[in-house]
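Just so it is clear, A, B, C, D, E, F, G, H, I, J, K and L label the chains in written order, and each chain counts residues from 1 on its own.
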Amino acid sequence: MLMKDHVYKLIELTGTSTTTMEDAVNKALKRAHKTIKNLSWFQVMETRGSIDKGKVQHWQVTLKVGFAVED
Amino acid sequence: MLMKDHVYKLIELTGTSTTTMEDAVNKALKRAHKTIKNLSWFQVMETRGSIDKGKVQHWQVTLKVGFAVED
Amino acid sequence: MLMKDHVYKLIELTGTSTTTMEDAVNKALKRAHKTIKNLSWFQVMETRGSIDKGKVQHWQVTLKVGFAVED
Amino acid sequence: MLMKDHVYKLIELTGTSTTTMEDAVNKALKRAHKTIKNLSWFQVMETRGSIDKGKVQHWQVTLKVGFAVED
Amino acid sequence: MLMKDHVYKLIELTGTSTTTMEDAVNKALKRAHKTIKNLSWFQVMETRGSIDKGKVQHWQVTLKVGFAVED
Amino acid sequence: MLMKDHVYKLIELTGTSTTTMEDAVNKALKRAHKTIKNLSWFQVMETRGSIDKGKVQHWQVTLKVGFAVED
Amino acid sequence: MLMKDHVYKLIELTGTSTTTMEDAVNKALKRAHKTIKNLSWFQVMETRGSIDKGKVQHWQVTLKVGFAVED
Amino acid sequence: MLMKDHVYKLIELTGTSTTTMEDAVNKALKRAHKTIKNLSWFQVMETRGSIDKGKVQHWQVTLKVGFAVED
Amino acid sequence: MLMKDHVYKLIELTGTSTTTMEDAVNKALKRAHKTIKNLSWFQVMETRGSIDKGKVQHWQVTLKVGFAVED
Amino acid sequence: MLMKDHVYKLIELTGTSTTTMEDAVNKALKRAHKTIKNLSWFQVMETRGSIDKGKVQHWQVTLKVGFAVED
Amino acid sequence: MLMKDHVYKLIELTGTSTTTMEDAVNKALKRAHKTIKNLSWFQVMETRGSIDKGKVQHWQVTLKVGFAVED
Amino acid sequence: MLMKDHVYKLIELTGTSTTTMEDAVNKALKRAHKTIKNLSWFQVMETRGSIDKGKVQHWQVTLKVGFAVED
């Protein structure tokens, strides 16, 4: 992330996916991007999941996402 | 929590109560429910309190609350 | 806990309750006591819960429980 | 807590109770209040307990307690 | 996870895989499923691995897995 | 902070500054104050920074900020 | 530990000893070895102890122990 | 710190200041020095603060302070 | 890892990738392998990333890597 | 530790020793025992040390020590 | 930090200063810059200090510093 | 450790020993001393081990070691 003289806000999201952890992250980012256009960086906080018949049903990846707040 | 193919948002709240920790949690959830109808799960992050004359004056329970974001 | 020259085992449980955190802990201990008679001490690891209509539906308290292993 | 231009000291206590976690906290505060009159705030650090016959025998809540040091 | 009035047990497993972290998780779940049919949720605790000639040889993902205990 | 019978919200911000950590905190608070008038307390979560030619270019201080939610 | 294509289980034990921390670890492993022959590695999680007349009475070392689960 | 064959005690203090974090630390040390002359080292544990009108009102720095105990 | 009577060194690296977390790890290991031939094991410490237009631009996986030091 | 209906205080000490970690713990307990007769349990918090010519000069073990407070 | 397709190395340093925490960080970066020209970002890990006559003698700030490794 | 106006570097090592944790630390320090003469202090980060036939085969103690960097 390129930090200028800005203030950044961090929000916490959980993305879910039936396929991979990467997909869960991208699902969360895609949804947040609908309302916040300048998402800048993220950090994975936790990876959990639900199980069905001994297989991962949904990957649940919780992440913090940062973006610059407009002046 | 029943995780479908959704994205979830987590917010952090501190509920306060003069009686119990459970009441502090419920006070925070009740207030958040006014504006967010589909609160889904929470996690207790920290329990603190103020003291008056050697007794707990206010229980202050900080929690993360998760809810599905509409598409 | 009174530690003699024993070896102890720790297991991790999540008790749930619609009323209080204390009840969730006791529900977990009660169930474990069915098969393990000498439960000795516990430590609360995490407190979470599900929410229904802005109220706590189930308290979910995760705890480690220790007990002496027979020689 | 209302922080003036003071210095505060934090001490660590474990309160015990046969009934609730809240009672364990208040037992610790009540005892500390005998010698320190201006206890100001606390933070719960750990919750443990002893078990007897599959029930919680004593709740053991460890807390940090802060109070202003006299000039 | 949909938490009813049950008690849950958590066990800790390390799954290994030569391909991906997701595969390592699924290998652990598949093995546990042989003896425990109602695995319900998991949480990734740690990701490690062995290295051979500058490449990941085995992904080693440690996870906690929860399941309801029968009454 | 003087905790009444309120519910508080915590948000997470990163303030940046070319001069000091204190200035980075104040920059974040100043910006948040534009839209939230009753900011009450903060906690420093992390201190990072970017480097240019062996000198700190920007201090990046991440903080949680709490404020009472109106009834 | 040599990680093959196996799944491993981790259990948590507390070994106690009147002499050294190393002895407490070995006492725990010795006991576990009675029922699990292929214990593979361990990690020390916590070191506590009981005190009698200003001396350590029992060292209490809590460890996680890993072993391969048979296919 | 130069560790001889001594035993050290650690106490926890919160210093407050309207100006800088360094000043908050020094205020705590200055006060402790009134009763303990051989303070030796400290470690910053937490940095919090109160806010007034979008500015830091008081920096609140919690530190552990160590000093040798006389034989 | 097969621990003989050796001493090991751990270094910390951040690998980056536009595709997956696994690729980011392997990129870091491949680069380290150029100068250190006997890399033995790694542990993932943190997963972050940069975002461009609501998609992950670069996965940034920080890992500790261990290898035996020659006598 | 056998927890009755008491309140316990925890203090933090660093014991030092030129020989072993166990000796550092016992040195700290021995010193504390001079003024506090009913020390009950301890927990190791941190192990550090000073080095002289490539050998451990002093083991520095920091521990929390608990004891019942008289009514 | 602007993350390209590089691999980064992180080293850990402790800078010391008699004046401020910021100065301690800059002293560490200045020294590292003598041998590593492309230092890119840092993270503060710990802040400690030595005390002389009730005043901070040296601020000791431990930081991780990251920089791109040449191909 | 006596902190002058220096900059210190911290490296991370794992020492192994078939006998004690202390020996594992000293083995790591002895090896590091071959190339770095002014090792100053260390901190134990983690204690793990390999197991053979229900006994500790190798103690594996990971430590951070600090030393002053020459100007």
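Heads up, the rule we're going with is that a contact is a pair of C-beta atoms (placed from the backbone, for glycine too) under 8 Å apart; a residue touches a chain by one contact, two chains touch by 3 or more.
What you see is a predicted model, and the numbers here were worked out from it, not measured in a lab.
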Count of contact steps on the shortest path from chain F to chain H: 1
Interchain contact steps from chain H to chain I (minimum; 1 if touching): 2
Size of the rotation, in steps of 5 degrees, that lays the CA trace of chain C over chain G: 120
Contact-pair overlap exceeding half with J-L, pair selected from F-H, E-G or C-G: F-H
Euclidean distance of C-alpha centroids - chain A vs chain K, Å: 29
Interchain centroid distance [CA atoms averaged], chain J/chain K, Å: 32
Interchain centroid distance [CA atoms averaged], chain D/chain J, Å: 22
Numbers and ranges of chain E residues touching at least 2 other chains: 1-2, 11-12, 20-21, 32, 50
Residues of chain C defined as touching chain G within the complex: 2-12, 64, 66, 69, 71
Chain G residues within the chain J interface of the complex: 20-21, 46-51, 53-56, 59
Footprint of chain C on chain G - complex, ascending: 11-18, 27-28, 31-32, 50, 57-58, 60, 62
Complex interface listing, chain I residues touching chain E: 1, 20-22, 25-26, 29-30, 32-34, 37, 39-44, 65
